[in-house]
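Both complexes below contain chain A, partnered by chain B and then by chain C.
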Partner chain A sequence: MSLPYLDVKSVSKTFDTNNIFTDLSFSLQKGEILSLAGPSGTGKSTLLRCIAGLDYFSQGEVMIEGSDLLNKQIKHRPVGMVFQQALLFPHMTLLENVAYGKKLTDGKKQAYEMARSYLKEVGLDQQLNQYPHELSGGQQQRAALVRALLLKPKLLLLDEPFSSLDPGLRKDLREWVRAFLKKEDMTSIFVTHDKEEAMLLGDRTAVMAEGRIQQIGYPEELYHSPQNALVASLYSDVIVLDKTRYCPAEKARWSSEKTVDGEWFAAEWVNETYHFGRRYAHVLLDGGGSITIPAGEQHSALKGYVIIPEDEIRYFHAQ
Partner chain B sequence: MKKKLFYISCLIFFIVPVLLMLIKSVTTPWRSGVDLDWTSRGWEVVFQDSRVIESMWTTLLIALAVALINLLAGVPIAKALSHRSFPLKNTLEVILLLPLFLPIMAAAMGLHITMIRMGLANTWLGVTIVHLVPTIPYTIKVLKAGYDRIPQDMLSQGRMLKAGVWQAFRTIELPLLIPSIRSSIFLAVTISAGQYVLTAIIGGGTVLTMPMIYYPFLQSADDTVMAAFSIAFVLIPAAAIIIAEAAAMLVAGRSFMKRRGEV
Partner chain C sequence: MKWRQTNGLILLLLPACAFLLLAGGSLLLAFMESVRGESGFSWTYYSALFDRRELVDSLLYSLIITFSSTLVSLAAGWLIVRSFYPFIDGNGKWMVWIPMLFPHFVWGYFVLLLLGQSGLISTFLLQTGLLEDRTLFPVLVQDQSGIGIFITYVWKEIPFVILMLLPVYLQLPKQFKEVNAVLGGSGADWFKTVEWPWVKPVMFETALIISAFVFTAYEVPGLLGVSYPQMTPVLAYEWFYSASQDERTMAFALLMFVALIFGTIALIGFALMNKRRMLLSKSSHRY
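Here is the complex of A and B:
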């Protein structure tokens, strides 16, 4: 088996006495995109900042192509980063912005030439001499990505780059970004708190919560066999019954009467929505928490029961 | 409507008084019913006094030195206060503002003794240092506001694009800070050029700045001479700002010019 391109080995970050994250390990092959998903405040951004060199790990090791990354100064790390905001420098034109990093290493002429050809490729060649405030949010974020890629980093870090954009633009842009990263064969780590975005952009996804990577794998593995209740509730569409058992939400049904073969929860029907021709009920459990289940042909009723068929109950496969 | 109000108040409070002073400096005191009596006497009296030219230079150099030290000290302090968090940050911020609340005489008397001990009393360097007392707090305040407007991640972005500390400062921070730097230079220069008490005590009468001779002139009660002198006085901050702008343009280069055109 070949050596991984990027190898993150049991890194930890402690701030004062709080552990932000402990003992994280994962590795990536060249050109692979890893989505890092999880609720906000779990240290996803901190992890990226530590890899980038803007912050420091308390412990652990990061190897890239077999050489130690962490003992390199930020200036010499082959790592690029795109932030939540595009952060184009407001006093420079689009061309100057994109060429900024390359200009420092390779001189103005080569930098401008390269920036021009990249900007043409991403359809921004009409805006070369415009200032950032004249560009749309999507154009700015595309420019920020090109700016980071121009330095040809070995690893690109993307910290929720779409979070400041409106939903429609987000959708267009994430498809474009994935295609672009794949074309450049760019090894990347992409942080998001949106599970759909994680699936769309990443080859694999790591679900991070409570300071640990709870599970890492292909979308199918995470979605269909979550290892614990946390992953299930964050990444999958399931009803968590307790610490060991769950039921896929699509197998549950709504009923106005209790049942004998299986489990049931008393609940209140709040609303309904339609997706791909099916009707879904949004119900509020009496015990707290709200879930979405297929509504079937049932008429909406204010009070009723969520029925979990006995043979659809599954067990978490903790490793 | 707002714009109109601005222009009208500009006219009443700024342009008209300045014009009147300009006219006054080249006419004898005017009485109703009499035509204006043009004279160059005011300007002659001012520039006949050899101390005037000399004190203009002294004032200009001290003001520029004060502005420079203000920036050198103010930029790192403002950056730390705006972009870093450390214990007792708010307390430090208040302490740095305190000189403004202290009676200037109290500071001057205490500093005078220190200056004598250090051999800085009666020197222009001593005066420059003491002018920092009423200027540095403003500079820190103004520059901190400037840094507050630059997102911290924008500087991180610069570093991720492999800019060194100096490169990032020159190409990102400085151009974005220009409006604040301009304000703090202006404040430092005008405050320094207007100091009387501090200059008199620390300079001991040997360091002659414009205010040192302006006040004695005031007693002459000759309106024409006073008007000419006041205009000469205004030239100092104006000259200092032109020099400072030229220097900033050299450092920040083209981006500095562009910021101006954009506004």
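Here is the complex of A and C:
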């Protein structure tokens, strides 16, 4: 096993007396994309900002290709960052914007040449002299990505770059971004609070909640074998029974009567939806919380029971 | 009701029209006065303006005071805003308004009372024994080099510059600071790429307002100036009230000439900066 390309070791961030996150560790191989998923306010963006140098870790170490990243000044860190908004300078043309960082190090001629070639590659060569407000949201984000990549960073940080886009554009762009990052062999950390987006973009996903990485692994590991109730509820489609047990939602069923085989919850049928030809029931549990389960051929009834078959109950395997 | 719906826009525009009529009408009347020769229309008074030695001296004197006081006010106000805006929250902004409550004349009178040879400072120095005689106190007001006028304007316009620039600084797009930093930019790059483009239009407007005011306002040089050289507005005032009809017409010609120069500078400046202003207003930053 080769040494990791990026090694984040026991980093913590404290603000006043509040711990934003504590003792986070993970590593990435060259060209790997890590999705960092989790609810808002868990410090995902702060983690990226600390790695980029826009904020400081309270403790910990970050090594990139064996050298200490945190000792370097922000402008000397080989890290690129794409923000939630494209943040293109509004008074500069697309070409000027994309070439901005490169121009500072390599001069105007080389920066413009490289920017032109990249913009051609991403299909924006017809918009070189347009101003950001003349471009669509998707075009702006693509330009922001190219602007960061032009500096050939060793690590690219993407902080919810699609959150300001409408759903259609978002879907197209995330597929394009993954393909582009893979083509560039760019090691990246991608922050999102959308589990589908995390699965689509990342080679692996880290679920971050309550100031810790709760689980890190391949999408199927996280989805099918969540290590705890938090990961299960954030990343997987399961019914959490208690701190140790869960049942995949697809194994539960709706019934108008209780069962003796397995467990049941009294619930109220709220409505139903269809997904890939299957019918799903959205039910409100009497004990609180709402879940989605396969509706089967059952006729919708206002009151009924969510049945958990005994042999489908599984256990969290915290490591 | 229907009449109101149809003519609502015209009603709303009435105050603006009244203002334009007043300013535009005055300008037109002044122009007509300035080209009224003995036998009808004439440019004579314009061409005769620069034959008057006192006008050439006055223009030079006015230009020096205008440029120096505008420049110093802008530089000092800008420096103060740049140094302190991170510490000013929304509640502290009202303090900047306090100096704006005093008219220029009151400020000028205050400078006279403070810095005159028989003013408060010289009296204090005399009474404490630090000064033997009032005549030894430097002539700072009603002096030939216009120091009193300069001090009054600088003192009065610095708060104005702060008032104009503070909102710009409080609304500077800080997100671009982070973009600049992660792209390897320095503080100088941030200034060149973001701060200056955002500040420049307001700086230009402020400079134009101050210089137009200093160059054309009567009260401060009237109170703190000397009989020679005089600032242009004082000269225009004297010509206007002189017994000679020719001088009255020349006063109009002089003021029209000044208005033309400032109007042209304003038009060129706005034309050059409007596109940039429009682009800046389309920024996608959030804070």
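Here is the rule we go by: the second predicted complex is superposed on the first by the 319 of 319 C-alpha atoms of A that agree within 3 Å, B and C clash if a C-alpha of one lies under 4 Å from a C-alpha of the other, contacts with A are read in each partner's own complex, and residues count from 1 in each chain.
By our rule, a contact is a pair of C-beta atoms (placed from the backbone, for glycine too) under 8 Å apart; a residue touches a chain by one contact, two chains touch by 3 or more.
Given the structure is predicted, the values throughout are model-derived calculations rather than measurements.
**Student:** Sticking to the clash and touch definitions up top, decide whether chain B and chain C on chain A clash or fit.
**Tutor:** Clash: chain B and chain C overlap once superposed on chain A.
**Student:** First (chain B), second (chain C), both or neither: which does A:I313 touch?
**Tutor:** It touches nothing on chain B or chain C.
**Student:** Looking at A:P132 after the superposition, I want to know if it touches chain B, chain C, both of them or none. Which is it: first, second, both, neither?
**Tutor:** second
**Student:** Touching A:L284 in the superposition: chain B (first), chain C (second), both, neither?
**Tutor:** Touch partners of A:L284: none, neither chain B nor chain C.
**Student:** Looking at chain A, which of its residues have contacts with both chain B and chain C?
**Tutor:** Common interface on chain A, chain B vs chain C: 52-54, 74-75, 79-81, 83, 85, 87, 89-92, 100-101, 104-105, 131, 147-148, 151.
**Student:** Once bound in the complex, which stretches of chain C touch chain A?
**Tutor:** Of all residues in chain C, those touching chain A are 175-176, 178-179, 181-186, 189, 193-194, 197, 276, 279-286.
**Student:** Please name which positions on chain A make contact with chain C in the complex.
**Tutor:** 52-54, 74-76, 79-81, 83, 85-92, 100-101, 104-105, 131-133, 140, 147-148, 151
**Student:** If we count contacts the way the header does, which residues on chain B are in touch with chain A in the complex?
**Tutor:** 151, 153-154, 156-164, 167, 171-172, 175-176, 255, 258-259, 262
**Student:** Which residues of chain A touch chain B once you look at their complex with the stated criterion?
**Tutor:** 49, 52-54, 74-75, 79-81, 83-85, 87, 89-92, 100-101, 104-105, 131, 147-148, 151
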